[in-house]
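Two complexes are shown next, each including subunit A; its partner changes from subunit B in the first to subunit C in the second.
Right after this comes the complex of A and B.
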């Protein structure tokens, strides 16, 4: 394991130790240990099927919704074991927001999409507070100016890039501490991608962001730390600049230079 | 020769044509192969396509002409013969015919007028001639088709495309037959309904308040009491079927694991396979007496009330019909709920919503239009249902809000107006067609609305 290139003294936001994931008989994640810092963008890269999305979904226990998935090992957020019996996955997910590969706005109005999380978690005491939360989330999602005049229009009527930013706004509306993004730009055109990447960089001020991406350029552009997954193993983890300029593992180098993947 | 041709009836002709078509297949295939010395790659199409194309050209025009001839000839002959009979004679002959028949037998021939005998002879002559002509034309056409197909068969002939367009024509024919049949049904109902409205005022039919058919004539034939019974029973049925069916669908699609689903779904669908007459028996023999023991019999009853006298009632029929509709609602709703994209559920879980919050606030609203469509389809089935109400609802036409009373529906009245000795010219019988047409319009409107809603919902996710 070449993980754990941790600067001494900073407490990691998320720390995973010896995580194994099985889908039925398939061993999808093999003994992954990693420390993810707060207020940092961490990119997971690797070829398709290498387990990076699976590992991401362990961090908010989304794998619980898949019947055949089984997770072993230890994942802690702020030192608290999230797979402990006493932890309610529902509450965990309010703290660890997630943005998906395909924009998935609910078939509701833009306002109701963003207000969905705050409503189910009772974050607002009255309508004015809810309006406030929605506006703040939409501003943080860098989409407020485009939708402020049509908050009651359906969220599904927006363009792909707008939908994805709406989904990001929806995720930040519940005030999460960690934001997981599973290939958030793979369904977007270059302009929308640039907008979302800019947004990710801003979100770093407040959150620990973990992003899964197929694009090495994107990983290089937005992240400070990069983890390279291959066949279920975490091959290499470290500063993004170093991974892309001086990879230690030959597999990482092969992938980055385009020889495998 | 003429005798031989006129002796061939339509069945024999069809067989002959098919034999010719088979011959055409063999010959054309052989010819195509010979034209290229057995090198299939030099043909435009596979050899069998040449065979099919030739068989098609042989059989289709001949069979079409045969079909048209079968319809047109009797009509033409009739016209021809009818002209030879003087108008007055024709009328009188028909009038006197029953009397002649009652004289029973051979004497009948002697009293016939010469014009009639002549007409009959001419009829027979024309018929024989027509049959001979038919056989001749059809066979010549088949042989001509065979020859033409064989002449066309050369390596550049696009046999495959010809066969493809033939197949398309066949499919179009099948589709239009289905539609034409529907149109035919509607038209026949419409004409009989028009006859009914000639004999009975339409104001009474649509706006009267009493239904009491009376075979001596002068009946009250108003649809309103029947419509009320129909809608009341359907409403109770839906009140039973919609919540139970919907909850079952939610459980099966969202909560049940694969093993439960693989057992429960077929079990639910068995309900849909039970013949409605069996439901009717269930209503009459089990549900009705049970309801009486709960809501009737005064002091002896379970509730000590005396609201219900007989086993047949709106409630009996409504409950049983509701049970019948459960699998209908649940299997349609199940499909619709499953069609809601998983990404929406993931999005909701990702925001920290629980399972039931996700279903209530994301899945069901997304599936709502489809579910409404399913309910409307169920409603149209409830309105058209017959056997359960025949046995379970009773036969008394009345407008009342009491669900423990017997009432009757449009469908049961259609059955009772058309069974037994009926005179097809009396409004009491013809009213069945007007009732049927009204029912048809009602369910058609519901179905169109439901399909429109379901289709709009589908577009949303495609």
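Right after this comes the complex of A and C.
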């Protein structure tokens, strides 16, 4: 018996302590502390404007690109403070991949979309290796069979659901350890949503997935852990089953029963 | 207590009960207003098109004449005794014979022609020779210097004729209009008519107008646009080489990297203001900085190019920033999300998408610079260059030169109506230049866009 990462009681993958985010004068995230486990899907739910996306964007420092945003507190991935002065956000983002709300493939070929990350990070030594990485990523994105015959076709020519899976493939191509998904299905139809949800479940084998969603059904379907955000506070965090069946906080209960939000 | 209106009760419709099949007064009024607005639009476009038509018709009807010139074909005997006294064909010796040595040959040829054709005229030989252009002897001399082996033979040569004669053939000069003209008289026109009938005096296409150099006040028939075109071309090269990289780099920095603060706000406002600064201000700036302070040669395309660069930069920066702004932020997010650095996201993704817009802005800026005259007047880019184009780009950039719009302005200023015709012709060349540039821009744009 070797102690592996899945053993209970090990370090969380991501651990946030007393995180505050300000947009100018607006206090968007108020004192959020949360531990996110490896090889788990964690869902962030909550009404619009509650700060769940903002918090998600703290985890790969995408908030750095917004001039007025200011992050305080402590976020650690594998025990390393990602807001440490020595951390280069570019390196961090290779480790923490992100999928956005609207599918945003580059206006390049399908192949180049996936190959871009590995190329800039120097993950492949030659064309054959790169081909390999692209194929593996597209397979993991559950889109390989649909696009294998037209890898040089523009990524923007795919349907919405295919585009989103392409974006997921692009995100996993750089071999991240954490995958952040900001409402990945909000622009998709139910069939494409089902495909992406299935994919998220598979991705759990290899990654720690954090997903922001407006749909409580989706959170219930895909996640093991759920965090409920309200007005910048993390109200409740726990096993998904428990949150949806026996919420402790009255605000959580109101939200999941549809009374607020 | 019961004065609260029942929210479920329908509000009385002021339009009254009406059928959908009849228009009520309000709808009729609205429809009429829309109809009027459309009419204004059509009128505005109609007026614009009419003006364009008038402009094009005027330019073409007045300018095309400049592309044609009247030539007199004469067999000239290139007497060895006059042109190469030593008879050894040494080019240095032949060069010693000035145009005054050639005039008698020409005049003799004309006299012989008149006699041979049996044309009766009471004109003195000198008056006959006055029909030829003052430039004719120089053209003949250049020809002989290039072909010294032809000395001693008789060659058929086409001589430019005087601008009055040319004007007579083009209908600009009439027998009535020369009443007070000392340069030409009725007897000379009789001779012209006879020569035309005989077939040796005729109009033909004049490539020299496109490729040649300017000529002095007395010989409008010899003036051409070529040197000014080269001056404009050199200036455009300087503008392109400087304004495009500086402008694009500045826009990328301001748009993508610079922090948004008071300082960058001030820069932004100033760039917008600079785009509206009259071009003559840039001219006086160029005069003060480049010529008086840096002691660059005046009249040089390099200085002209520098001044026009300053003038073009705001245009390029504004259009580049606009096209960078129009690239959706999701593309930047996508690039940053896979771990691209800011610069990688800009150069790999944003810039290619903005390229068509940048290109269009640059061409618009260049076209503006190409047609600019005022700043060139201040830095002396109205040089009178009566020689052929300079040899290379390097020397050409520092050599005195003119530019197309400045040349047109120069011609329009001169007294002889023949120059007026050349000014219109020059405008045709300038417009062809501009249309070509725009066509290139459209083609490049298409090409870039296809590569999304």
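The working rule: the second predicted complex is superposed on the first by the 253 of 261 C-alpha atoms of A that agree within 3 Å, B and C clash if a C-alpha of one lies under 4 Å from a C-alpha of the other, contacts with A are read in each partner's own complex, and residues count from 1 in each chain.
As a convention for this text, contacts are C-beta pairs under 8 Å (C-beta built on N, C-alpha and C of every residue); 3 or more make two chains touch, one makes a residue touch a chain.
What you are looking at is a predicted structure, and each value in this text was computed from that prediction instead of being measured.
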Could you check whether subunit B and subunit C clash or fit when both are placed on subunit A?
clash
Who does A:65 touch here: subunit B (first), subunit C (second), both, or neither?
both
Based on the superposed arrangement, let me know which partner A:164 touches: subunit B (first), subunit C (second), both, or neither?
neither
Return first, second, both or neither, reflecting whether A:107 touches subunit B, subunit C, both chains, or no partner chain.
both
Just subunit B (first), just subunit C (second), both, or neither: which does A:90 touch?
both
What is the contact status of A:208 with respect to subunit B (first) and subunit C (second): first, second, both, or neither?
neither
Quick one: classify A:195 as touching subunit B (first), subunit C (second), both or neither.
neither
Once the structures are superposed on A, label A:223 by its partner contacts, choosing first (subunit B), second (subunit C), both or neither.
neither
The only stretch of subunit C that collides with subunit B once the two complexes are overlaid, out of 3-11, 57-65, 93-101 or 183-191, is 57-65
Under the contact definition given at the top, report the residues of subunit A touching subunit B in one complex and subunit C in the other.
60, 62, 65, 67, 90-94, 97-100, 102, 104-108, 116-117, 120-121, 156, 167, 170-171, 174
Give the list of subunit C residues in touch with subunit A in this complex.
259-260, 328, 330-341, 344, 348-349, 353, 452
Show which residues of subunit A lie in contact with subunit B when the two form their complex.
60, 62, 65, 67, 90-95, 97-100, 102, 104-108, 116-117, 120-121, 156, 167, 170-171, 174
Using the touch definition up top, name the residues of subunit A that touch subunit C in the complex.
60, 62, 65, 67, 90-94, 97-100, 102, 104-108, 116-117, 120-121, 154, 156, 167, 170-171, 173-174
Subunit B - residues contacting subunit A, complex:
257-258, 341, 343-354, 357, 361-362, 365-366, 460
